[in-house]
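After this come two complexes, each holding subunit A, first together with subunit B and then together with subunit C.
Let's turn to the complex of A and B:
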């Protein structure tokens, strides 16, 4: 079983890589954006509006992040870029042929890539939420922080993204052209809200929509985020492994 | 009986109906250096990729160490080091970090990295990022990657590609020493005959997907039968006479060429006694390059004939 070693080597391949700039830079950007949002609108508008609707300041901050800033909308696209970077590391200097002539099982290589995408995505999601906590503290919210709310928010995201991770692991492993999976990811986030509003049943089958169900922030029924993420990850990964096992490395 | 480390049985790879490799039966003996020779696009890399399990054959089988690459891929690859076409590397990492990735996957000692860096002469630049390496250094890193874990078989696809003459000489000397120093069987592919001639003990020639020669370098050299080049007048009558006497005669550039002969003196005597004026006689021995070109040309002509 070489899977743990393969994951370790996957992480070491990203040492000094662009991916870290993205993983750290995007949450830093969202933290700064949310700080500005709260700094400008919290005392005069958001807090008052939240009181009317029965939301705490921490609820408002989460909603602002997920819906107004669009973290829930753009998260699948960020994951698409992470997957592309991880796979491009192999395509860049024809490293697939070296990696796959080592005594490793192809499915283990495929899964190690999937887990690496998950690890980087998890870090980015956690940093986004940590940034929100920091904003709340700096602005000085009167209520105590609701750790459960933020813990659930992180965990729901972790599960909801699994389908997109699996889909982009599959797409990025099959094409050297980095534009294609990123464009598909972009189309995914464009199409998702339209399908959600016009055909909610069909939306349940599209992994790009699962971040909308998190904590009932956009649409109801958080369980769709959980089941959808897990089931789509399993199904897409099975197809991906079968395809990757047969793939000719030219 | 000769032990073969690699054997293929009608190994074929077709891409959209086009046979890139066509029913080849490789027999690569253990020990020594096997030169896999052929022009660009002949099917060398496709064959090597099939041997390493990177692509699946359309038909046929490949066996390495008496095991099928289809069924025992992992067992086989534990004993094989390879570099296919260009060296592979993570440019933003150092040479040491690149080799460490392979070392960890192969689960060998850390000292192995310094050992292979020393063999290829990159020890002093081990902490330099590979993107700053010259082509020759990258090529040597590729060989170092292939040597990690002390493989029994080393497959190097065009290892001197893109190198300057000094680099070619270095890599050649390095490869040449491997069987003797480390007991490794080496398969080297190249489109440059002189490269193979200077390194290999055995040779396989592939052209347009077909294996058109396989044997020892000596066997290939034996094909360089000397021809007798004769200048005689009247030429047409001289040719008729020699044909009648059972010689294989070819007429080229005003001269008569005899492939099978007893000796130049007998031929001279034969012609002079029969009143032909002999003004030139010499032995015309083709070198290995001529043989290679001759073999590949024949293959191309056969193909044209078949099409017609």
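Let's turn to the complex of A and C:
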């Protein structure tokens, strides 16, 4: 079983890569944006509004991040870009030939890339939430931090994005033009809100909508994110492995 | 220069750029159409205004900046992949012509995208039966002004797409900077410092409500043009001294 070695190799490939621009830059950007938002609106508006609605400052911050800033909308697009970066080297340097002639099973190559995308996505999500905690501490929220809420927020995101990760691993490993998966990701995030509002039943089948269901203030819907993420990841990965096994080495 | 431009067009002929440029604004128009259709029939509703507002938020905030990112990534990727720069720059053509023709091609694609958007709005308004004269100052003029206000984004994305071979860099930068747009656009003080807010604020109707905001909008167009010229100038200077290897 060479999977752990392949994962280690994939991570080594990215050690000095531009992926860190995404993984660190995006949470840094969201932290700064949320700080600006809280700095301008918290004391005069958001805190008062939160009190009226029965939300704590930490609830408000989460909601601002997920909905107002658009983290919930953009997360699938960021994952599409991460997947593109991870697969970029193989296509650009014609590495697929070299990689697939090695004595490793193809499904292990495919899954190693999937797990690499998952690892980097998880780091980015965790850093985003840590940034929110930092913002709350700096602004000086009166309430104690709700660790359970933020822990659930991170975990729900982890599971909700699995379908998108699997989909973009599939697209990026099968499409020589590295931009096509990103265009599809972009299409997904544009179409998702429209489908959600017009046809909620259909939306449950689209991985790009699962991050919309992550709303710890309305826990009833969040289970769709969990089931959808896990089921779509399994289904898409199985299809992807079967297809990848038949991939021509040329 | 004209020959270079023709050649650049031929390179992207099969890349589906113009399919993407046609399809994406239609999505925004569909959203606006849906919004306007839902409120049609209510009293004192300005249908054209509703249609335009419903379409421009998603288009100006998300679709246009990401489209610019993708377009310039595609245009420069043609040379980045397979060591195309070596072949291109060893030909007897001026580097300035190569640089400017790629920029013009990208700008034409962005303009085409905007024109599809405004034609889509016009057709949707006619289908919905919008009353009164068509407000051309909003529906036609604002998208065209949005081209000017998107010049800083065009310049930045063009420069980054040229500079970095790894396509993930311009895509990542474009996605990162598009994310906080709606948040910063809502700030009356800080939007002027963030170019990604310029297109959506140009296109949103009834946004200029004071002399101070009018002044800021004037400054915005000035900043857009000046920053475009500066960034493109720096990029051209660096491109002229780019090593062929």
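The definition used in the following text is that the second predicted complex is superposed on the first by the 245 of 250 C-alpha atoms of A that agree within 3 Å, B and C clash if a C-alpha of one lies under 4 Å from a C-alpha of the other, contacts with A are read in each partner's own complex, and residues count from 1 in each chain.
We adopt the following convention: a contact is a pair of C-beta atoms (placed from the backbone, for glycine too) under 8 Å apart; a residue touches a chain by one contact, two chains touch by 3 or more.
Computed from a predicted model, the values in this text were never measured in an experiment.
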Partner chain(s) touched by A:5 [first = subunit B, second = subunit C, both, neither]: first
Greater residue coverage of subunit A in the superposed arrangement, subunit B or subunit C: C
First (subunit B), second (subunit C), both or neither touched by A:15: first
First, second, both or neither for A:92, with subunit B first and subunit C second: both
Which superposed partner A:246 touches (first subunit B, second subunit C, both, neither): first
Which of subunit B and subunit C A:25 touches, first, second, both or neither: second
Touched partner set for A:190, first subunit B, second subunit C, both or neither: second
Which superposed partner A:151 touches (first subunit B, second subunit C, both, neither): neither
Contacts of A:81 with subunit B and subunit C, given as first, second, both or neither: second
Doubly contacted subunit A residues - partners subunit C and subunit B: 17, 92
Subunit C - residues contacting subunit A, complex: 20, 24, 27-28, 30-31, 34, 58, 62-63, 66, 70, 73-74, 77, 81, 164-169, 171-173, 175-180, 182-184, 187, 189-190
In the complex, subunit A residues that touch subunit C: 17-19, 21-22, 25-26, 29-30, 33, 36-37, 40, 68-71, 74, 77-78, 81, 84-85, 88, 92, 178-179, 182-183, 186-187, 189-191, 194, 198
Subunit B partner contacts - residues on subunit A that touch it in the complex: 2, 5-6, 8-9, 12-13, 15-17, 89, 92-95, 97-105, 246, 248-250
Subunit A-touching residues of subunit B, taken from the complex the two chains share: 49, 52-56, 73-75, 77-78, 80, 82-93, 97, 100-102, 104-107, 145
